[in-house]
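Please find one structure pasted underneath; my questions will follow.
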Amino acid sequence: MAMRSEAVPLTSRTDFIRGLEGFPVLPVLILLGIAALAIFAEILAPHDPEIGKLAARFRPPAWQTGGSVEYLLGTDHLGRDVLSRLIYGARVSMVVGITAVLVAGALGTALGIISGYLGGWTDQIIMRITDTWLALPALTFAIFLTAIVGPSEINIIIILGAVYWTRYARVIRGEVLSLKEREFVRLAIVAGCSKRTIMLRHILPNVINSAIVLGTLMLGVVVVTEAALSFLGVGVPPPKPAWGLMLADGKKGLMVGYWWLTVLPGTCIMLMVLSANLLGDWLRVKLDPQLRQL
Amino acid sequence: MASYILRRVGYSLISLFLLSLTIFLFVRVTGDPTTLLIEPGASQADIDAMREQFGLDRPIWVQYWSFMASLLQGDFGQSFYYRTPVLELYLSRLPNSLLLALAAMAFSLLIGIPSGILAAVRVGRFWDRAGKVFSLLGLSLPSFWVGLVLILFFSVYLGWLPSSGSGTIWHLLMPAFALGWYFAAAHMRLTRSSMLEVLGSEYIKLARLKGLPESLVIAKHAFKNALIPVLTLAGINLVIMINVAVVVETVFAWPGIGRLLYEGITFRDFPVVQAVVLLGGAMIVVVNLLIDILYAVIDPRIRLEA
Amino acid sequence: MSNSIPNSASSDRLDASGAPAAIVRPASGTRDRVLLEIDGLSTHYVSGRGTRVVRAVEDVSLRINAGETLGIVGESGSGKSTLALTILRLLPPAARIASGRMLFEGEDLLAKSDTEMRHVRGKRIAMILQDPMASLNPLFTIGDQVSEPIRVHEGLGRSPAWRRARDLLKAVRIPSPETRLSQHPHEMSGGMRQRIVGAIGISCEPRLLIADEPTTSLDLTIQAQYLNLLRDLQREHGLALIFITHNLGIVAKMCDQLAVMYAGRMVEAGPVREVFRAPSHPYTRALLSSIPRMSDSRRRLTAIDGQPPDLAALPPGCAFAPRCVSVMERCRTAEPPETRDSGRSVRCWLANGELPKSNGAL
């Protein structure tokens, strides 16, 4: 039965534009910049990120003595251009990060809605699992899973999704529990809508806001975890230039002072995570003040 | 109160059960767990023998039962690499991680609590905004990168501190800072919001009405009350710290269970990996339970309610 | 510095329930001394960018003499609590004292620095809050919390302050005070907690005690006892009492003077007996027509149509006009000025400069 959702109106367009005050310009620009790097890597990167000239190993960045414009940000232990690796690394971070967040978000939101709305045994089971998985630290759990299925880009995405969906489920379920008591849901029930319809047409649109805010905040967390996994050697496998992997490689040159191999990839990670967090904070305030406790 | 405790214990047992079940199932999710549970390079005969031993041809619930049975007896398998029982290995490394976590916790509280209080008392002004910046940085700077940069500065450039190993307090400083960094920001945030909440309460209003100097109002009346949730979080965070120290311990070659985990994955020593995850999760569940019980016993209000 | 008024109040009579049935007249001389004088006081709450201004208290004037009891009556949001906090200058950061004057014992309260105000609070002017459970810090003992103001204001050491606290608990009629001193708030009943808050209030022998709805959270049976206690304390210590309440029954029993507030404005004021007998303002009239009895003091004043106005968006003219049964055209366009006459005041166009004649006013 098709019922127009008389739900609590989401932020309408005019409200949204008016609410653009405090818009985090810089973070969004940074994120868009990283995305641009990711998309246009082939055009932007001066060198091949995976093949290097051994003769050009450990070159420092262009502004230091020994550096050259050819390798603007220096080279690593295999003579690979750092700048190019950073650019292609943006692609890895973006792809893995965003996809994993979407996977976790979809799974977590769905289970959160089901669990919250249907209640009863379904709710109990899902919640117990959620609590247990939440008790397990994400990084440890992710490492465990990579040890089982082996690292690859796809696997990492799935694993991160599997580890982080519980965060969504918890929050969304909470929202659903309070939404359940609202007028429009009761009206829908009285009107004879099926459970599936109610969940899809009435509940889902109202929790999307929270899911989005949570998603931006999770992006930072996921990127850091992926970097940690790559650093430990169980993330995106070489020679793909994940930033975390670059940090691991960079450690080799650290004791001799080859600082650019550590500082530069780390800065990229930091910028991406910082921007995602700032964006998430702003969204949280704008879209739903009730989410302050996130 | 007794019923409350019983209920909590019940929940924890269910959590532990689900935890072991999850781990167990995941190991078998690939279909053939022998690839994981058997040393790489073992002969076919060995593999078959192992199959027998593990009962891999038997129904799944029987397998789970023997899995749990051995766990409860303390048998977590044998490390391929070290050739010693995993539990022994784990317990020998645990004190090191505990030491690191305690140091990191001390650091995070020493920085987090005062800055949180300052931010709450000067809400909206300079210290509060500085606090917000600090909080963001804490969230956004990965702990291992902080560790690497610290090494760069203090070991490579300044040569003051050793970059790896353990043994002296100098070895402890940088890893503790790197590990505690994120939590310092988390504790600051919680202290701030807890303090703000307390400052808005009626008894603070009354304290001011009594004509008490503001410093007394904050130091005596607000402080203790605000600290309660922070210390609770700190207790839980301590255990979490032990478990997420993997990368910091790897960066600094600190001989704790985080590094053990790293060795496990590097050397494909699966029993070790499995044990670290299991024990880590169990540790967190148990500590959560203990903290809840402790609160039920200490806080007279809960005692009366429950 | 104890100024106990010699108890020559011969007109005291106790009725059957043990409550004083008549208004106490303390010895002459002290009565005429003005304790607190407020003139044209306005307190506004200003939101962040100054866009929203809530006129919580607007042009309020009142006067209270030593030993007197003033009742301030009004619905929620009428500004009574804000008024009390303004007197003590304990407003939240968003509030501004926009205009007016406050003189306490001849001293200008608005001119005082924060440190000076600190010496006033608790020591010369004290306040009791509504919810005793929330007012007491759950982590500290009763003895600690009661002796605290004494230690701070009078510099007493721990033991002597503790003894004073015990005497105070006795004064508020708490049985076995020694045991109570080392207990915590949650171990007491609501009535006891409110008495303790009262003890804290009088601990440094203030000249003025402000009680903000002190009986609202108490059980019916305890309310009468508590009010009697306040009564006796007032007599013994020569306190002036400002009683903030929405309950006219309490005002009838306890207060000498009455001030009625609506939407931040004081719409009527005067001696209780006279206002009750001949109210001038339509709001007061409406309130009185539903006056509850002491035994029924829980019933809310719901006799008036409509809702209290939004203090940030007041209509032009008299704030009460939308709900007034005697409203005139003039009321909607212009705010009525305050008319004062021999101890009474009214803010209403109906008064037209004339008040019902009072007889034998104080």
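All chains are identified by letter, namely A, B and C, in their written order; residue positions are counted from 1 within each chain.
The rule is short, and it goes like this: a contact is a pair of C-beta atoms (placed from the backbone, for glycine too) under 8 Å apart; a residue touches a chain by one contact, two chains touch by 3 or more.
Every value quoted in this text rests on a predicted model; they were computed, and no experiment measured them.
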Top chain pair, ranked by how many C-beta pairs fall in contact: A-B
Innermost chain, taking as reference the mean of every protein Cα atom displayed: B
Inter-centroid spacing, chain B versus chain A (mean Cα positions, whole Å): 22
Averaged-CA centre spacing for the pair chain C and chain B, given as whole angstrom: 53
Chain centre separation in whole Å, for chain C relative to chain A (CA means): 57
Chain A-touching residues of chain B, taken from the complex the two chains share: 14-15, 18-19, 22-23, 26-27, 29-30, 36, 136-137, 139-142, 144-145, 148-149, 151-152, 155-157, 163, 240, 243-244, 246-247, 250-251, 261-262, 264-266, 270, 273-274, 276-277, 280-281, 284-285, 288
Touching residues (chain side chain B, partner chain C) in the complex: 201-203, 205-213, 216, 221, 224-225, 300-301, 304
Residues of chain C defined as touching chain B within the complex: 88, 90, 118-123, 126-127, 129, 131, 134-140, 148-149, 152-153, 184, 186-187, 197, 200
Partner chain B, residues of chain A touching it in the complex: 128-129, 131-133, 135-137, 139-141, 143-149, 220, 224, 227-228, 231-234, 247, 250-251, 254-257, 259, 262-263, 266, 269-270, 273-274, 277-278
